[in-house]
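One chain, chain A, appears in both complexes that follow, with chain B as partner in the first and chain C in the second.
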Partner chain A sequence: MRQISSFSKFIKKSVMLTAVCGVLAACGGQAVHNSAGVATVSQDPSRTGAVAGVGIEGQDIQAMTDQMMRDMLTNPMLANAANPPAIIVDSGFFVNDSTQRMNKDLITNRLRVNLNRASMGRMVFVGRNYAGMVQQERSLKREGVVDTATRGTTQAQAGADYRLGGTIASSDSRDARTGMMQRYTQITFEMVDLERGVIVWSGIYELSKAAADDVVYR
Partner chain B sequence: MKKILTLAAVLAAGASVAEASTAVGPTVKCDFRPYKNVVGAGPALISDVPTTMAAIPLNAVQIVDKNIRKKILPQAVFSKRTATGTVEVMTRLVNCTDYNQEVLVRTSFMDMNQMPLEPTTVWKRVFLSPKATQVYSEKSISTGVGYFLIEVDEGD
Partner chain C sequence: MQKSTLLATVAICGLVAFTPVVADDSAALLALRSQPAVSQDALAHEQQLQARHDYLKTTLKAGGLSKAEKKQMKADLKVVKKELKAVKKANKKAQKAYDKRLASLTKNLRKQYGMGPYPAEISNFVADKPEVLKPFYSSLFIEGERNATLNLNRLGLAAMEAGYYGHAEWAFDRAIDKIEAIYADNPQAKAAKSKFKEESVKDFKGEPYERAMAYYYRGLLYLRIGDYENARAVFRAGEYQDSVSDLEEFQADFAVLNYLDGWALQCQGRSGEEPFRRANEVRPNLAAPAPENNTLMISELGAGPQKIGEGKYNEILKFEKDERFGETNARFIVENRTGATTEFTNEIASSVYWQSSTRGGRPIDGLLEGKASFKETTDAIGDGLATVGTGVALAGLASGDSDAALIGAGVAIIGGIFSAVSASSKPQADTRMWDNLPDLVTVSTGAFRSVGEYRYSTVYSGPHGDIASPSEVYMMGAGDTCGIIWTRSRSALNVPESSPGARMTWKKMRKQKKRVQQKDMNFRNWLLVEAPIDTLQAELR
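Moving on, here comes the complex of A and B:
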């Protein structure tokens, strides 16, 4: 008898729970009334977007990295060497001295990825940012925890012949009367010989923008 | 002796440059009418279905925006091989108006079969002063370039 009673309680609870879930699901499925808002639009990242200010934006990053990549591939020291040079392209020595807060990896990552894809073995890229990951696997192999896989072992991780350095700098000016803001941004890219310290390739990208719109970069 | 050698070097360097002139040329005047009558005899992109699309001349400049068709004039197109075997293309654009102009320019590189060799380059912004020229240049990634197409759009 007690068993039947507890069973009926369980059924009641289940029915109530199902009903509550049904109501919640109905609420969740309704379209949100957002007539005053702006519908999402997909944009071409190589063109100026709907929100634009005086700083470095997506189209600038695409344009500068594309220009630098193409220019580097015309440099015989980098792209036509008998032994493909080992190169590090990351943001480690790429300094942001500008007034704009930005993720430098947006520039260096796009440059490295596109350069690696385009060079087709004419340059070899060292993933120094992955050194810890590589060391972990090397240790496991040498301790006999894992086998040596198919590529064999080397005495050490790859060193690099060249490394990308550079600076993002800017000069701001504002018209106190109108609030108009102007910014000149200069981005320099330099490939440094890691043995002798000489700069074997340089590139520069400049932009100047003026606007009165209140755009915040973050 | 050193002076003579230096002078010889300067003269030799000067010989490789076309003769200069102090004459002041007239302000740029453009006539776009002859462009309408130009019949392209060179390579072009054509549709697989005849008469559905006007041919797009290759190794040339294509003004894609009507708004600047009577403002910007491509004076000449150049191309050359770089030291690493890639191709550099250039075009000298002329601003025929009395106002500053801003255009976006990009290049598509194709092989001898007109197949795209690499992604189209990113739009590059080119600023032209009134009645002045400006050079746009772009480099390919690949070495097997057969054709190229330079597109000019109105700046946004």
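Moving on, here comes the complex of A and C:
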């Protein structure tokens, strides 16, 4: 009887041990770095990033255009000239040299609209993108199809003193071990004198973002 | 018949009589949803009666009426009250009947389709889409978020070939948005790592070669309209997608993307020297185009790689070359208005199969290996315990030892549990694939006065000479400085409605978690608003 009891205990222990071993063995897998991924984090671009991130987003466009607008309004050549300078702010010479597809007008339109509102006449903006529209009306006036309205006529459409140029550039990198992706984006804004080619104002905006996809996507 | 009774009858009968006779419950549900539970007339009548009732009551309460007026008003009130009660009852009944019908239809549909989409929703969605793209839109709608990127890619390529460039641009833009979205702490991605879920439960983003090809096609569409800056941006971003290769020698070796990066720069009037050099390093046959060349001729050959699962449990993702087609090169025949022809022999710029097969190991492979090992181990333990347990139990029964029989039975049951756990673990690799991709991408360039002034045809050849196959030009376009001609030896439209193995059965779809089904419903609602409709006719090729 005692023999049977000890056999039964042995079997029970064996079953339990086998079960535990089985579970431990079965659950074993290869450890993967950072398997859940890391949500996108904004970083201070003046410091070295852990590894940085992804592209320009709405909040970046707002922040950069606000910063550039404030900076331009403190430039005496642009905002405190005796005669308000005529300026073109559009995306014609604003080059996207980054790895992100984008509509550059999002940046230049916001900059122009806010500058126009904040400068209160200290700068005059030439709508070169509307040149066709203006020419159409001028022709109708000169052909006598319509009258000259209230502002009279001029010899030609307005020329510009300055025009915005700039570049959006980026540098991408990836850490193969952790799957972290990093993008440093640099946006430069320059106001160029359209007679002499002199750059009368420059601004720069930098951002660096890092993120990692879940391991199942790496 | 009193007016109230008549309206009540109309309200109830309206539901039955004005519900169109429909082929299936989903159409009936849509028709029911499109009409009010209670007819506008019945509701208006109720409001009128209520207002009359309130007026009479207030006037009587205010007093100052003659006896005769009072008597008349009281009589009116009695009639109005009775009629109002009847109308309210009828409207309530109509609402109840409506709700009941709605609940019954929904219940029937949910039994079969879960939270959808239901057949009528699918046919309504594709109704205003171009005929040729309907199967692709249908898949996009049915398969939801999980296969959205896959279906957008398939749709984009099909639309590009069919000349629906608005649809193609929309599809590739949305696909790239999803590829670039960061999936961190994503529940479906987390589920894909579980031992009891297949890898394919995750939302599809594609392997690096598939991601890179989405950028490649978007770039070609940018080149078509002369947006060289964005074209260059996406070619470079596509090449970055290819930088995940395990082996450094194969990182960023997608030569065609480097070549096109250089081409887009050249079209901007800038130097493409560096990307052309990178392309040349990977493919020595790819020389930088002459500076005066302004037209890019791309021809895609064969069919892209097939994904298969290898290993005991199909846990290892492998790529197979699709050997069905023999073409290995293309020649463009360009004919001017006088009938004179010039021939351009394309150079192979990239092989999509090569890109897929040089990717190396994926981090997820370790997890799948762990899942396979778990399945194998639990299976072995289950088998072992079941055998030992059964043996001990039988021996116990034979010897009349009830303790031993009991222990044996217990061991066998534990073995059974292990076997069940093994059976429910799912280590299979995700083999969903972008099935209308080509294999070889070939390029040549030429200097033409204007792209539209010439006629183009393509001759495809293999090791044994020319191959008779379609030589149609699928896309032709030009910006201020450069033009593009794009052809394929095999049609991107000649694929099944759904990519092989990508679509779940309805049973599996309706058994998905409610959260997942809700996400798909939201995706479908988004599609109903955002997807382009058939207003953009196929543009002139």
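Definition applied: the second predicted complex is superposed on the first by the 159 of 218 C-alpha atoms of A that agree within 3 Å, B and C clash if a C-alpha of one lies under 4 Å from a C-alpha of the other, contacts with A are read in each partner's own complex, and residues count from 1 in each chain.
Assume a contact is a pair of C-beta atoms (placed from the backbone, for glycine too) under 8 Å apart; a residue touches a chain by one contact, two chains touch by 3 or more.
Computed from a predicted structure; not experimentally measured.
> See if chain A has more residues touched by chain B or by chain C, and give me that chain.
C
> Output check: A:A176 vs chain B and chain C. Expected answer is one of first, second, both, neither. What do you get?
In the superposition, A:A176 touches chain C alone.
> For A:A118 in the superposed arrangement: first (chain B), second (chain C), both or neither?
First partner only, chain B.
> Applying the document's definition of touch, where does A:T167 land relative to chain B and chain C: first, second, both, or neither?
neither
> Give one of first, second, both or neither to describe whether A:T99 is in contact with chain B, with chain C, with both, or with none.
It touches chain C, and chain B stays clear.
> Under the stated touch criterion, which partner chain does A:L73 make contact with: chain B (first), chain C (second), both, or neither?
first
> For A:Q59, decide between first (touching chain B), second (touching chain C), both and neither.
Touch partner of A:Q59: chain B, not chain C.
> So which bits of chain A does chain B touch that chain C touches too?
The answer is that chain A has no such residue.
> Over in the complex, which chain A residues touch chain B? Could you list them?
46-48, 59, 62-63, 66-67, 69-71, 73-76, 79-80, 118, 122
> So in the complex, the part of chain A that touches chain C is made up of which residues?
Per the stated touch rule, the residues are 4-5, 7-8, 11-12, 15, 18-19, 22, 25-33, 35-40, 54-55, 95-102, 104, 172, 174, 176, 179, 211-218.
> Spell out the part of chain B that touches chain A in their complex, as residue ranges.
Against chain A, chain B makes touches at 82-86, 88, 104, 118, 121-125, 138-141, 156.
> Taking the complex as given, what residues does chain C use to touch chain A?
It is residues 176, 180, 182-186, 189-190, 192-193, 199, 202, 205, 218, 222, 229-230, 232-234, 236-237, 240, 243-244, 246, 362-364, 366-367, 369-371, 373-374, 377-378, 381, 384-385, 392, 401, 403-404, 407, 410-411, 414, 418, 421 of chain C that touch chain A.
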